């Protein structure tokens, strides 16, 4: 009986080590995946990097037929759509964060709003794109006719609109958490001095959560930069650069993500494919850096 | 001493570079109830956890020296086996919330995949719960989860769980400090009954408890075993000045 | 003085109204979108729709069974890959938080969470599609699995962190070996939290299109094979919505409705599971 127990313990000791090794291996796998992604992107974009160099980033012509590749149209497209979407969405994200964080943190109405926001984040982007194509585009087209620009309907403006809705949940849910974290003594001190609710929010809560809310904006931005499908369906898919800013915004364009989505399977020669991959590499770096900065700010904030 | 069950020889314990238990030598006999007392941070819990090799599970925790269980050095044995042979009851009652009361008692067999017949299982559960003075209170709700039990009952469930493994030695790490006075006295009464079949080592923060329940008492101070003597002797005429200071409340 | 206070109070009330307006106005687009999808799609769904493949151009009728089956298969395979790996990594991170590996691994989880889905698709193309010489459901599943990982890992890690150490100690002191302590005590106790991470990650990948564009690619026929291209709900929606044919648009609306329902149900299930556990997913 004793010996059986000892034998059991001895074999268990062996399995313990195996189990621990498996856990370690899976964690290492994660690092390998990221390194693998980076390595593949760099490797496959090498031909393009070597032949075009850094000029790729501000080349204005994207002409695969004649083997001329420049990323400028897509950088513009990505930056414009993301920043316009951010600007549109920030008032809404902040309002939601302030409402749910400060005015009404509990209760059925607040739960309802919270669930609505989470629902916005849950709807797949393809569905936003599909709806946008059939409902938003005609509306924008009519609007464009009214303000005297070419009535494409699709374009950077339309994509930015739908993107704005999609990224609201990212800044707002972080904002709610942060605003709720403001210590009561701080707020009570201001109230005790006779401050109104608005003044407490403006002078106590906002400054306190400033860096955290900025991190939320970065996370929203990261999400916007990486969004592919809704944008692909609404942006018009042109690689030409328009002449004025107004025409650029209200006209068709492309983002880094959308041009990859559209042209990847058509890229029939190495130069073409590796130029697209290089765009993917740039996209990878930009989104990763922005997300990491955002996350770092959040950890610093929550550790204080 | 032929009847020795646990013997520490020059036992030292460390957390990283922190020398927490210094050169302990102690011999404990079968069926004794030993209280281990001392001020916070004196190393008594660390020493206790060295006996069943729970100490080394903490990152950067190391130990030197020997602890002999029935003549064999536990540090030469299979650690899992050592822990199965020695029972432990913790400060906060910790029954497994995902198991029923019945399953909690035989958890030591269940979680190890040891095959036991239903009849034997029933027997072990009844015997262990009886020895822990809990059988009458739970025998009709054996298959419910133990979350409705009071603190004292949960602790007695943990004691039953330890007993079910048929250890010779049971270690108690401040077992009543999280309990109310009534539960505390029910557990203390248990020590008296358990003594017949088991050896008990009880770390306690409560001097009066040490005086009440134990045959011999060990006093730890700043990592050292300062004094180890008959409980009566220790509390009436301690040999060491430090023990005297502790007992008279100079520091706690 | 009193006028000043009155003015400040009015400002405060106006501000609150503005906030409430901006906060709630955002429900309008969501409701519009949901209602539109349901309206366009619900009447497309019938038995024929659910059991047939899409009809060729010009023919009426057709269905989405190839996409339904495809999504189901690829999500299941992705889950089979991602759940063990994710749980193991999550267990490691919660059990060994201060090691160097935990730092770098955790960093990589954060990075992975931010990688655009199209980039994942590109990479898996070079890892699986090119060597195999064909688009395949397997590559699609791998891409989806990679996207599932960060959510599964974080939810496992955070759930297990919330469990008290005393649970582990109790089991270890009984002579239970480490792997049984984790698998038979710790993980079952954290089951609801871990499961909610799994359902949330499935809800996410079921609607992902970009990673499948050049991995699973799409298939107008019903296919069970992991080594051949496979259709999926979101990819079908993309292809047929951007086509010029009304019949195909209808198929896409029906598929959108079904996809939306799946996503909603999975999110509700996740909500019910996270009620017990206050973890930040």
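Every chain is named by a letter (A, B and C) in the order it is written, and numbering of its residues begins at 1.
The working rule: a contact is a pair of C-beta atoms (placed from the backbone, for glycine too) under 8 Å apart; a residue touches a chain by one contact, two chains touch by 3 or more.
Here the structure is a predicted model, which is why all the values come from computation and not from measurement.
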{"item": "Category of the chain touch graph - line, ring, star, complete, other", "value": "complete"}
{"item": "Centrality ranking, top chain (CA atoms only)", "value": "C"}
{"item": "Chain pair with the higher count of C-beta pairs in contact (B-C, A-C)", "value": "A-C"}
{"item": "Centroid spacing, where centroids are CA-atom means, of chain A and chain B in whole angstrom", "value": "55"}
{"item": "Interchain centroid distance [CA atoms averaged], chain A/chain C, Å", "value": "16"}
{"item": "Separation of mean Cα positions, chain C and chain B [Å, integer]", "value": "48"}
{"item": "Contacts with two or more other chains, residues of chain A listed in rising order", "value": "9, 12-13, 16"}
{"item": "Residues within chain C bordering two or more other chains", "value": "175, 177, 180"}
{"item": "Residues of chain B touching at least two other chains", "value": "80-81, 84, 112"}
{"item": "Complex contact set, residues of chain A against chain B", "value": "5-6, 8-10, 12-13, 16"}
{"item": "Partner chain C, residues of chain B touching it in the complex", "value": "52, 54, 57, 59, 80-85, 87-88, 90, 92, 94-98, 107-108, 110-113, 158, 161-162, 165"}
{"item": "Touching residues on chain C, where the partner in the complex is chain A", "value": "5, 8-9, 11-12, 15-16, 18-27, 29-30, 32-34, 36-37, 84-85, 88-89, 91-93, 95, 101-102, 104-105, 107-120, 122-123, 125-127, 146, 149, 153, 175, 177-180, 182, 203, 206-210, 213-214, 234, 237-238, 241-242, 249, 252-253, 256, 259-260, 263-264, 267, 271, 280"}
{"item": "Complex contact set, residues of chain C against chain B", "value": "98, 164, 166-167, 169-177, 180-181, 184-185, 188-189, 191"}
{"item": "Parts of chain A lying in touch with chain C, wherever the complex brings them together", "value": "9, 12-13, 15-16, 18-20, 22-31, 33-34, 36-37, 40-41, 44, 91-92, 94-96, 98-100, 103, 113, 115-120, 122-131, 133-135, 165, 168, 177, 194, 196-199, 201, 222, 225-229, 233, 257, 260-261, 264-265, 277, 280, 283-284, 287-288, 290-292, 295"}
